[in-house]
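For reference, the structure is listed below as structure tokens.
A, B, C and D label the chains in the order they appear, each numbered from 1.
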Amino acid sequence: MNTALSMTVPSVGRRTWITTLIFTAIVVVLPFFISGYQRTLLQKGLLWIPSVFGVYILYSLLRQVHFGQSIFIGLGSYITAFMAGKYSVTNELMILLPLALVVSIVVAYVLGIFIMKRTGFYFAVMGIAVTMVFWSLVYKARTITGGSDGISHIKNPSLFTVPLSDMGLYYFCLIVSVGIIVLMLRVLNSSFSLQLRAIAGDLEKAESIGIPVKRMQRLAFTIAGANAGITGVLLAFSYNYVSPSVFEWGYGANFVQSAIIGGVTSFAGPVVGAFGFINLEFFISTWFANLWEIIIGLTIAIIVVTVGEKGVTGIVQTLFSKIRCK
Amino acid sequence: MAQTIINVVPEGTPPVGHIFESQQMLSTFLSYIFNALPMVSYIIMLSFSLNFILYISGRVSLTFAGIYLVGAYVTVSVGTYFLGQNFSLLSFIAILLAVGLLGAAISIVVYATFERFLKTDVHRMIATSSLLMVFSGIIKIQWGTTPVTYSAPFLKMGISEVLGNIVPNYYFFMFGFSLILMLALAYFLFRTAWGLRFRATSLDGDRTMAQVCGVNQNIVTAITFAISGMLAAIAGGLYAPIAGASYGIEGNALLLAALTIIVGGVGSIGGAVLTAFIIGIARVITAVEMPLFELAIPFIIASAVLVVRPYGIWGKEFKH
Amino acid sequence: MLEIKDLTVFYGTEKAVRELSMKVSGEVVCLCGRNGAGKSTVLRAVAGIVHVDSGQILLDGKDVIPIPLHKRLESGIGYVPEDRKLFKEMTVRENIEVAKIGVKASGRKEMNIDELLPELASLYNRKSKLLSGGQQKLVSIARAIATSPNVLLFDEVLEGLARSMMIKISEIVTKIKAEGKDILCAESSLDKAGMYADRIIWLEKGQIVATGSPAEIKKQISDSIRAR
Amino acid sequence: MSNNEQKPLLITADKLRKYYGEVKPVNDISLEIAQGQVLTLVGANGAGKTTLLNLLTGLIRPDRGEIRLLGEKITGVPPDQRAKRGIVKTFQLEHVFDDMTVFDNVRTACFSSAGKHYSLFKDIEDENEINERTGALIELFDLTGVRDAFVRNLGHGYKKVIDIAMCFAMKPKILLVDEPTSGVGEEEKYKIMDLLMNQIEANNLAAIIVEHDLHLVKELSKETIVMCDGEFIARGTPDHVFSQEKVIEILVGKGF
């Protein structure tokens, strides 16, 4: 990659943890001051964060564009829809979450073998292709999945057999999201991420100092998938409804776009990106009705042309450092 | 998503005994090929639209899928408005060519005002895939989200019977049209002075040495984008009478084009045509035999190829 | 006549060529030196491939630095790159054609490729990737001289060739000189440079340290090794 | 050479061959290196030096012949495994991780050599052992001043040293050094060479050093091999080798 365009990943320091704490405090308190609808928006934003973090890891560490996050969201969602909706097996989160986790890890690892065969354009395309395959399978297998009608009437979840209220679900989502953020921050600050960055920086040298390139790439892909699988379960419960549209490639692209809006030169990027994207989507579609795709598309195109992958947080950072210099 | 109208395989005569079995199998196989023709020509043109830019200028540009979308809608609207049910082949071809010019214009404008400022492949992929949202947003405002159709050319061209298979003439027209376009492109690349310049700057040539030899890189890249846009728009126009135009078809276009490159390799016209046949026929067969896997089959083929030959069946290893 | 005045080229933060001045007129001048001495960089600067940071490159008194890369051949500078760099998928004829189509060789005396490089006549329709190393080198030379530029740059033109091929190519270089062209070459090996060069310029760290005939330079360098 | 016989043979290459069409960069070369033996390798451009090193590290596969490390056959072992087992190479054009600090560059190699590829949740700052080792290496290679600088902002000299430091982080048994001083200024050249030779000696490593500067070769090494067209044509002490007319003839004539 061109050195002039190179970007750096900051290390997780005390400031990051404090910011995380402040962020958590805000989202804990916020539901008491906002309407129920705004709370669902907030909940959706929270649930997006882990998936965007998956994209973020692959982008900022490995420099790969991961269009396939929707595969794992879809898997998690449909597992939930089957278990808690259609076949009414269980609505116990403590069973569903581990199940979704295991399924997405297995699927991600197997897919990783194929998808990670080549990087760059090919990786991105294979990501899109796999989502489309899942989309078509779900769409066509009408008898099992309900086809384009999807599956509705998913039971409300229960936690350790205690049924969760809407507010309870919000806080559970919050705990899961923040938990994953904390885990991801740890991953980003581990030797694993250091070595991934080495692979992206110079594959030949990475190999020559004994880094098992292929296996580490696959593991990164699996981590991203696992994140999305977990959020898939909770997203299904949040909407009470699942349709094949979760497997659409455009949905997967939204996570990439969120990451770009937020920026990948800061850990706050995925958080800002997830909330930014969802709120933009909401406000633009209420105020400008049909224009929302055009506005979002152009925004991202302009961001990429002007500041590359730095995104909003990158711009803010540069502004701050300029002010500080003065 | 494109709802391909697959001509159901003719019910055929009931089994008449062993003597006719092989003939019937041949007939069934031919029917697969005939039914695959629209998909094949669609894939050839779209994949080469993406492939051409990738091969000549080494850039990844997904804008072609948006242009395809525009091509499909414009053909439907213009066709319905001007021709309606009065179909004439010449005016339909004129519409297609006009749509092609429109696509070329869009492609050049997007390149000159936007894509040329993108610096890495990763940026290009993200920015152009976001542009697809802009395209589909514009389509949504202009035409709404309900599919529109313009099937006059398909219906008016009639059918022919080939070896016991009833095939719409439009299938042959579509295939012929795209084949002529590809042959023209091949002629341009391999027989003309300008084609020589293109091949010199391509991944098979050497960009710097081409410039040393007096080739103006900017003009070549601009024309490359124009040709790509033209192919994509005409693909949209040609496929519209069969599949109609609906909101969100660009995803499938993008995917099939990209998978064809994975299988066929970068920069090979022959590879693109053969891959289009493989994928098209495989899709028709699965659509009839195992409809569940119809959309999955191109991906399965591509994965298999990636494992066996990471650079495509006819592909060479390029570092770009 | 090619004249280079105070040429400086940066490679990243380091200077690859430092204020180098030299003149080529009606002779074969060869730049020699160790790896990284800046030989190729000088040639690439004249050809227009690398960015010149300061200095002048004068072709018959006219500065060529503002001329864009794709116009350099037209203005009379032909370049034969280090490792052939042919258009692999094209035939020999097409390779030469590329240089011919875009360039109006106004007022230059046409060079007869068939006479200079008779070996190529039988290969015209063969794909260049199927040729042997020496044949590829010939095509690369033919491509550069097809439009009869006034100055020719040969970058390590004898590298990686069999002895007989080296002799053949040095003869060709001499013939091209006889057509009245100025030739600037780079070779890492004094032996090879001695096969065709009239004058050798020894470079170290982007600067000229010695100039002279091949034999003189060779003696100077051998002595310095023994002295160590 | 006599004292080498007491030391165990570290690496043996038997009749290695690699052809690229007509070009024969490595033509049936056999090589034995004992522990602590330092060789310099000189030769013209295209004599096959880099190809030979790449065969040893496993970046390319030989057409024929086999390589043994401590008696164990490693001909088919991939490069990352060989690096773990102790065959480490520096690159001619410096390969470093541009987007990381100097400390992180060296630390990456330390983690890799410790086999900690998959410790996902442990903070790198808490890995005291590794950090100490990295710190020690940074000090050893005189990089303390640029410890937290981003590598892409540094000059070639520094990048070379970082490259070498990363190789030492791998705890090598044999070090293959490809032109440690190419593209580096005169003063830095000696500094890099001094650092390198001191470390090789201190760790009693075996090494093959490809070097163009004959002056340095004469000063620094006890044993030199001259390579030409894929074969060894002379071997011995530098003084002995460079007094041979044919060697001078080849080196001056073909370039070096």
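FYI, contacts are C-beta pairs under 8 Å (C-beta built on N, C-alpha and C of every residue); 3 or more make two chains touch, one makes a residue touch a chain.
Note that the structure is predicted; figures quoted are calculated from it, not measured.
Summarising the inter-chain layout, the chain whose CA centre lies farthest from the centre of subunit B is D. For the interfaces A-D and C-D, the C-beta contact count is higher for A-D.
Mean C-alpha positions place subunit B and subunit D at a centre distance of 51 Å. The distance from the centre of subunit A to the centre of subunit D, with each centre set as the mean of the Cα atoms, comes to 43 Å. Annotation: 34 Å between the Cα-based centres of subunit C and subunit D.
In this assembly, the C-alpha centroid of subunit A lies 55 Å from the C-alpha centroid of subunit C.
If each chain is drawn as a node and touching chains are joined, the picture is one closed loop, every chain linked to exactly two others.
All chain pairs in contact, by the document's touch criterion: A-B, A-D, B-C, C-D.
Interface residues of subunit A, counted against subunit B in their complex, comprise 1-2, 5, 59, 63-65, 67, 114, 117-118, 120-122, 124-126, 128-130, 132-133, 135-137, 139-141, 248-250, 253, 256-257, 260, 290-294, 296-298, 300-301, 304-305, 308-309. Residues 3, 6-9, 11-12, 183, 186-187, 189-192, 194-195, 197-198, 200-202, 204-205, 207-213, 215-216, 219, 223 of subunit A are the ones that touch subunit D when the two sit in their complex. Within the complex, the subunit D residues that touch subunit C are 21-23, 44-46, 155-156, 179, 182-183, 185-186, 212, 214-215, 218, 242, 248, 251-256. For subunit D in complex with subunit A, the residues that touch the partner chain are 57, 59, 78-81, 83-84, 88-89, 91, 95-100, 104, 107-109, 111-113, 116-125, 127, 130, 150, 152, 163, 166-167, 169-170.
Subunit B makes touch with subunit A in their complex at residues 1, 54, 60, 114, 117-123, 125-127, 129-134, 136-138, 140-141, 248, 251-252, 254-255, 258-259, 261-262, 291-296, 298-300, 302-303, 306-307, 310.
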